[in-house]
Amino acid sequence: MSKLISLFGEYLLRLTPPQQQKMIQADTLEMHWAGSEANIAVSLSIFGDEAKYITALPDNELSRAGISAMRKYGVNPAIHYKDGRVGTYYYESGQGARPGKIIYDRQYSSLSLLQPGELKWEELLHDSDWFHWSGITPALNENTALISKEALQAAAAKGITISADFNYRSTLWKYGKSCREVMPELLQYCNVLLADVDTAKLYFGIDPDPANLVEDTFRLLKQVMPGLGTIAMTMRVQESASSNQYTGYLWHDNEIYQSRPYNIQQIAERIGAGDAFMGGLIHKLYNKQPFQDAIEFATACGVIKHSITGDFNVATKVEVETIMQQKGSGKIIR
Amino acid sequence: MSKLISLFGEYLLRLTPPQQQKMIQADTLEMHWAGSEANIAVSLSIFGDEAKYITALPDNELSRAGISAMRKYGVNPAIHYKDGRVGTYYYESGQGARPGKIIYDRQYSSLSLLQPGELKWEELLHDSDWFHWSGITPALNENTALISKEALQAAAAKGITISADFNYRSTLWKYGKSCREVMPELLQYCNVLLADVDTAKLYFGIDPDPANLVEDTFRLLKQVMPGLGTIAMTMRVQESASSNQYTGYLWHDNEIYQSRPYNIQQIAERIGAGDAFMGGLIHKLYNKQPFQDAIEFATACGVIKHSITGDFNVATKVEVETIMQQKGSGKIIR
Amino acid sequence: MSKLISLFGEYLLRLTPPQQQKMIQADTLEMHWAGSEANIAVSLSIFGDEAKYITALPDNELSRAGISAMRKYGVNPAIHYKDGRVGTYYYESGQGARPGKIIYDRQYSSLSLLQPGELKWEELLHDSDWFHWSGITPALNENTALISKEALQAAAAKGITISADFNYRSTLWKYGKSCREVMPELLQYCNVLLADVDTAKLYFGIDPDPANLVEDTFRLLKQVMPGLGTIAMTMRVQESASSNQYTGYLWHDNEIYQSRPYNIQQIAERIGAGDAFMGGLIHKLYNKQPFQDAIEFATACGVIKHSITGDFNVATKVEVETIMQQKGSGKIIR
Amino acid sequence: MSKLISLFGEYLLRLTPPQQQKMIQADTLEMHWAGSEANIAVSLSIFGDEAKYITALPDNELSRAGISAMRKYGVNPAIHYKDGRVGTYYYESGQGARPGKIIYDRQYSSLSLLQPGELKWEELLHDSDWFHWSGITPALNENTALISKEALQAAAAKGITISADFNYRSTLWKYGKSCREVMPELLQYCNVLLADVDTAKLYFGIDPDPANLVEDTFRLLKQVMPGLGTIAMTMRVQESASSNQYTGYLWHDNEIYQSRPYNIQQIAERIGAGDAFMGGLIHKLYNKQPFQDAIEFATACGVIKHSITGDFNVATKVEVETIMQQKGSGKIIR
Amino acid sequence: MSKLISLFGEYLLRLTPPQQQKMIQADTLEMHWAGSEANIAVSLSIFGDEAKYITALPDNELSRAGISAMRKYGVNPAIHYKDGRVGTYYYESGQGARPGKIIYDRQYSSLSLLQPGELKWEELLHDSDWFHWSGITPALNENTALISKEALQAAAAKGITISADFNYRSTLWKYGKSCREVMPELLQYCNVLLADVDTAKLYFGIDPDPANLVEDTFRLLKQVMPGLGTIAMTMRVQESASSNQYTGYLWHDNEIYQSRPYNIQQIAERIGAGDAFMGGLIHKLYNKQPFQDAIEFATACGVIKHSITGDFNVATKVEVETIMQQKGSGKIIR
Amino acid sequence: MSKLISLFGEYLLRLTPPQQQKMIQADTLEMHWAGSEANIAVSLSIFGDEAKYITALPDNELSRAGISAMRKYGVNPAIHYKDGRVGTYYYESGQGARPGKIIYDRQYSSLSLLQPGELKWEELLHDSDWFHWSGITPALNENTALISKEALQAAAAKGITISADFNYRSTLWKYGKSCREVMPELLQYCNVLLADVDTAKLYFGIDPDPANLVEDTFRLLKQVMPGLGTIAMTMRVQESASSNQYTGYLWHDNEIYQSRPYNIQQIAERIGAGDAFMGGLIHKLYNKQPFQDAIEFATACGVIKHSITGDFNVATKVEVETIMQQKGSGKIIR
């Protein structure tokens, strides 16, 4: 029987002034659709995996546009229609020294208004053998934290592989509970994790040795989440304001796999590289490819996303592999 | 001492797919700024009156863009900064037989979250000799209805002239009180009113004689709002799907003044004609011009607005007067 | 077991200068995707039916863009990848007295290069209970005529309902056989037909009585295609250069059902109205709705398409029904 | 030896807000190139005649863009480089009842700064057998009036056919001489004239009989300009705000030739119809076609120009002939 | 009583081909508004100071658009309406090795046609306690040089603080007097100056010691303009074609204050950095902030302007301060 | 008698998603016109040489747009109209690490359908004293290889100077003959050649000494093509992913002339640099300028093309010379 990857999270409309304009200069806004888990669903679908995206939206023309935007890339939408808003964010992209700027307008989204028990996880996950979520959903409010737990319990009960992304957002977590109170319990359910050093400190109070940062972070994360089978991280070294060295790392069964490093310049878009990486990683792990292949592919996904506008990584597998072969030189393909 | 016209209402961001696209076809959205009272403030300012626009907005870059959009036309913004959202609506403009479509996304706007007593009307109105509001604000929730009353009481106490627009919105009035319970009390404070027959029935249960519709509506409105000095209405006769006859009427002191009728074809935008009319009317009354002149000018404002995209009537006084002289023939001005 | 509607035809890229420009004035071209059967597939999918679109395309990024364009609306693509081109047409849209202009660049498309026997119809139609095709495919060349016949034989053998659109194109039929030699045989397989008077003459030599045009055409078509269960036509009466009266007619079991007539003005796009009509008709017949309902809905689909840019009718069922209720007046939906 | 048509006049940059925006709403302006005589040169070149356009421009990148814009359509530029500006006009196009609006910014153009004797007409006209000018050039200042006379004298001396367009512009003629003092003398040199009733009154004090307007105007014009061989006029009857009846008339040798009348609706652009008409007329007369053919073709040129954005009539001969055959119905050409 | 900063200069329309196109490739032009003093007025207004901008413009729709462009940012326009043109410049922005290119079309602007005595400086400056001008105005012609002197005398008589920018333009100064004859006298009135080494040589014949360039230039400027209280400069060191080191310097009371140096890469716009710097500087000095703070803020204003398209620095105070804190790293603000 | 440069090759429509979008993200495509020899013809014409471009196209509106695109820059089109298509390519431009991607859709172009003997070379070349072709034309099919030979024989017989560009395209040469079988014979006719090391190996099996690459390649090319008078090459050293060192080399009469090296960063377009170089080279050689000047100018043409979007190098001679003077620093020209 055909199996698939289910993902759960908030779907967001992104509105961006064109051509690096500031908001106050703009007369039009570019529409993009986003959401960490939706971004990953799009990657998986493009890479050939069947992906089901579970979310809540109001039943209107704007949602319809959003649903069509994911269908375009082959994602299977599982929409729970509910009064409320389409979560939105405004993104003024940066230029040179000027930082990009996000204005969140995601309050009162349909997803954030969900009540515990409202989503029927038994049914939603009946055809899945992988489930992905991230730290954004429990950061919205107490109910979405509870619903995340419901989903994880249902997935675990079914023996479904669970992956997560730390995805800490400092502008969320405003509902009275700290991330440290909520996240460790939820993360116990996970088999595969995309982590980062700063968030590891926030969620678990982990303090890795800077002299041995990658290895020690992996070691400490495994200590606090003994159920984890695979952990991934990316590291950036900022060589100058416009040049980053970017490398991927994967821990599995006490081995660390490291990608070749990329020098990233001329960035078209700074958003969504982590989701692109995670999409590549899940794809490779879901299809049981070798770990070295997985980290190389995932890292190249992160690299190519810096060249693509919008939150989705719309590159094909062949295009990601070209990045790996060309080592990022950008030579024209005729 | 210099006096001015204050207006109070919700300021809205309007997002519209370009070139009559449907939302599902769009990749970009045009940004316009709107709100019945803001639209009137822009008209007044362009016509040379000093206009102060009182509203509540969150303190972010999006609000800043909105404030600059009214400043551009000379409106004096009086912003009460408050957490919440920028009220938004999506407008898919119609084409031919296909109707335009509005998706409201105005819930949880900063203005709708205002608490009674939060706005200091004594101070806000200290420099005003005219105050304008509309039926949209009390339709949002109980608090905005109370705040509307606070404003009206303060204005009345100061002897400020008060104008209102019925502005009934069927998609609002969801908070437990009907418009019939709320509006009659608020409208007692008004001196100048923009009315329409359908809403007169809803607010007051008035049932005018169809054989004598305009006159009888004026008569009945004066009965239920004895304080009214001036009442205006516009009437449309739809001659065909793409052609409307449009006429303005003004009642004052038992006289009825009627504008020349216009045949409106090739409509660029169906939104904001009422506000354009009211802007023209207030301008003429505020500057104590003859009533016949007032209704002719106001009606021409309504006519020209059908040719202007966006919610604001950005036409100048000279341009409105050209409409009156050309009788809508559209001959090029070299 | 879930059943679906399969459709077979050539998928076309349409390139159009923006804003009624002539080709010689253009610096950019708008991309649309088209093809009579693809247009219908999109309608069906939006209306809630499962639609599978069978075509041949080269395996490149342009095809990928085209496939994503139909996926966006929920169509299930069944692509036979094959060397050759993406069939293309350039469309300079008309304005006022200036006629629109089509430049076909569809030669050597992958579909036109198909060999008989290359498509495995047994397998392609295994999950279908309705099959749709049109007169465009056999007009391309001898092979596509043969392949059309293969498809029809396979569908008939499986007892699948077959619908067709006459779709005569005078610029095709260049391969040595006339439409009159080819089409009558293929149309014998059909149960449901979208016909028109001029093409009926070309395909069958039918010469209906002008005094009784609709009825007599239906009668004569039934004579030459005795297997037909349902026949539809639309009639346009051109009242002036910019105003058309448009009515739909349906024949079934010796009854004729007629839609309300629409007066169509302010046309945004003259292409695709027939496909929109056929999409509405198949939807209603597939779901076994009453014939009067079917012709009213199909005709309103044709009407609303005149207001939508691009070849696809992207309107929802509710929007089509609004046209029926508003009778094409175009009043804003708030 | 190959002969050609020379034209002399001011070349103008036209800047227009896109999509019927008002200037105050615009962030971008569309660039078009214009000038009555340049517009005619483009028409002639597209129709297959060799056209040389004589003007003065400053030597900069803006002029270079303007020259390339006429070269694009095959016109042969004869540029006299001279300090000064590129004459410019801003055109806010009208919509519905709102009139279009022209802001001239043509002062101090290189052409307007020309000194008598500066252009060497002997040499400029050495390869020409037709010369065209219009009433705009002598309206600029005393020098351009004198230079017009120099050109006419040189052309007359060479026996070149001379055509003219009245082209009265009320916003010009500011230099102390009235059009009545200047134009009659210059027009004595002309063989072919595009006239209109209102300007005939201004230039010559002619007062034709309204009951017999076309014929009487022709008669009176011939009286005051006895050298004229051919006179043309177009007449508009405004049936409603959005519908014009448009007819062309030609006088030659005491015969009047009249085109079929067109009903013009849905106007894309109100500028340049007269120049399109004149381009069609000169083309037919230059190639010695019958007068009835000439007036039909010229009138259809005027009609199709209403559907084309920008000052140039970029339609081909075949397209103009299609208008004549379709009688303006606008049916798609596949 | 409320005081404000008055600025005087020529207001310019800037027209730029989009997306680094060359003029000859463009079909549209982006509209920006500019003028050294207007740019500074916008900065001041955004930073919270009251700014009045004094200029002359013709009374037309184009001027109206320009005035609304400054009003948008809160500037108070003091327009002297006068026949003439809107000064214009065309800017083809550079890309990589290709230099940007300015075509001035500013002759015969209303401001350049001003007569001495025409502006009533007593009245214009009655509410000001700071006055800013630059070397562009006296470079236009003898009258604007005289008018600059009138303004300076009036300001000096009122005891208003006067700031100036050297702003030498080699393409101006064509009217018979050299900058060396005119500028020294005018600069004697100034209290605050933005200088640069090259212009110092031109205006005063100063020849600073290259080994000690900044200090020596300050010293020599103070010698020739003993009334100066504060002098500022920026220095660029071009590290490579696409990378500049940019540092600000301030002299006051024999102290030199130096900003942190910035490495500027990926430049969106090379125009207006000096005005952005001056806007930041005047803001800090007007509000009597410490000199080190002033030079850091002014320099960060110059830096952020390189990332903003158009002549105005539309960044807020908070955004400039973020540049100072992030040291130009461009990290996204969520 | 006036002489000119004739060029022969396939003219191509290029369609590119705007702003570095991927094809799957695009709703519009930018139209450019291209073809190696057409690109050179445009350069020559802009530099002041008379250029005639010989090609075959179908007779439709798309060809008309293409012809007008070369006429715009002054090229003299010599079009052989013939059924078939307009050769097309889709170009997804790269960004950062993401490579650009070309999808050819040039099959069945009118030029590729030409039969030997169909073009009348005697007549086509009667007014030429230079002829240019490239390795793309014989790569299309056996007929275009034969036609190339016909052209070369006719040119040689007339004593016309012949230039060629190796222009190897790996995606062509599919018709059964290898480039090694075809090209050496054709290249024997050439006097001036643009070569590159990799193609030299493919066409002639040449294997130059890497330690002395430029010199040895020149030496070996001269051995196999003894008729060559002048050979040119460009060399790129990729310093990093976004930075190239670019140098031009010219061999003539046993002398090697080398240009100053340029460091190319921030590339707007990677296509057409070779043609820009060749255009500059032919211009200088045709006008008998010194060889050092020729290689400097040609190399600067290649450099500036990296900053210009579209296949044509639209820069003027003055602009190329500015690159030479500024050494690529990009300083604004006021």
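Which chain is which? They are A, B, C, D, E and F, in the order written, and residues in each are numbered from 1.
Keep this in mind: contacts are C-beta pairs under 8 Å (C-beta built on N, C-alpha and C of every residue); 3 or more make two chains touch, one makes a residue touch a chain.
Owing to the predicted nature of the structure, the values given are computational and were not obtained by experimental measurement.
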(message) What are the mutual neighbours of subunit A and subunit D in this structure?
(response) B, C, E, F
(message) Just to be sure I understand: going only through chains that touch, what's the smallest number of steps from subunit C to subunit F?
(response) 1
(request) Report the chain whose mean Cα position is at the greatest distance from that of subunit F. (result) B
(message) Let me spell it out: compute each chain's centre from its C-alpha atoms, then which one is farthest from subunit C's centre?
(response) E
(message) Based only on mean CA positions, could you tell me how far subunit B sits from subunit C in angstrom?
(response) 46
(request) Averaging only over C-alpha atoms, locate the centres of subunit B and subunit E and give their separation in whole Å. (result) 41
(request) Between subunit B and subunit F, tell me the centre distance in angstrom, where each centre is the average of that chain's C-alpha atoms. (result) 63
(request) Scan subunit F for residues touching two or more other chains and write them down. (result) 19, 22, 24, 27, 64, 68, 101, 266
(request) Spell out the residues on subunit E that touch subunit F in their complex, using ranges where they run on. (result) 19-22, 24-25, 94-102, 104, 169-171, 238, 240-242, 266, 270-271
(message) Considering only the defined contacts, which subunit B positions touch subunit E in the complex?
(response) 64, 68-69, 71-74, 316
(message) For a test of understanding, state which residues of subunit B touch subunit D in their complex under the given definition.
(response) 19, 262-268, 303-304, 306-310, 314-315, 319, 322-323, 326, 328-334
(message) Which residues of subunit C touch subunit F once you look at their complex with the stated criterion?
(response) 15, 18, 22-24, 26-31, 60-62, 64-65, 68, 85-86, 88, 90, 92, 101, 103, 105, 107-108
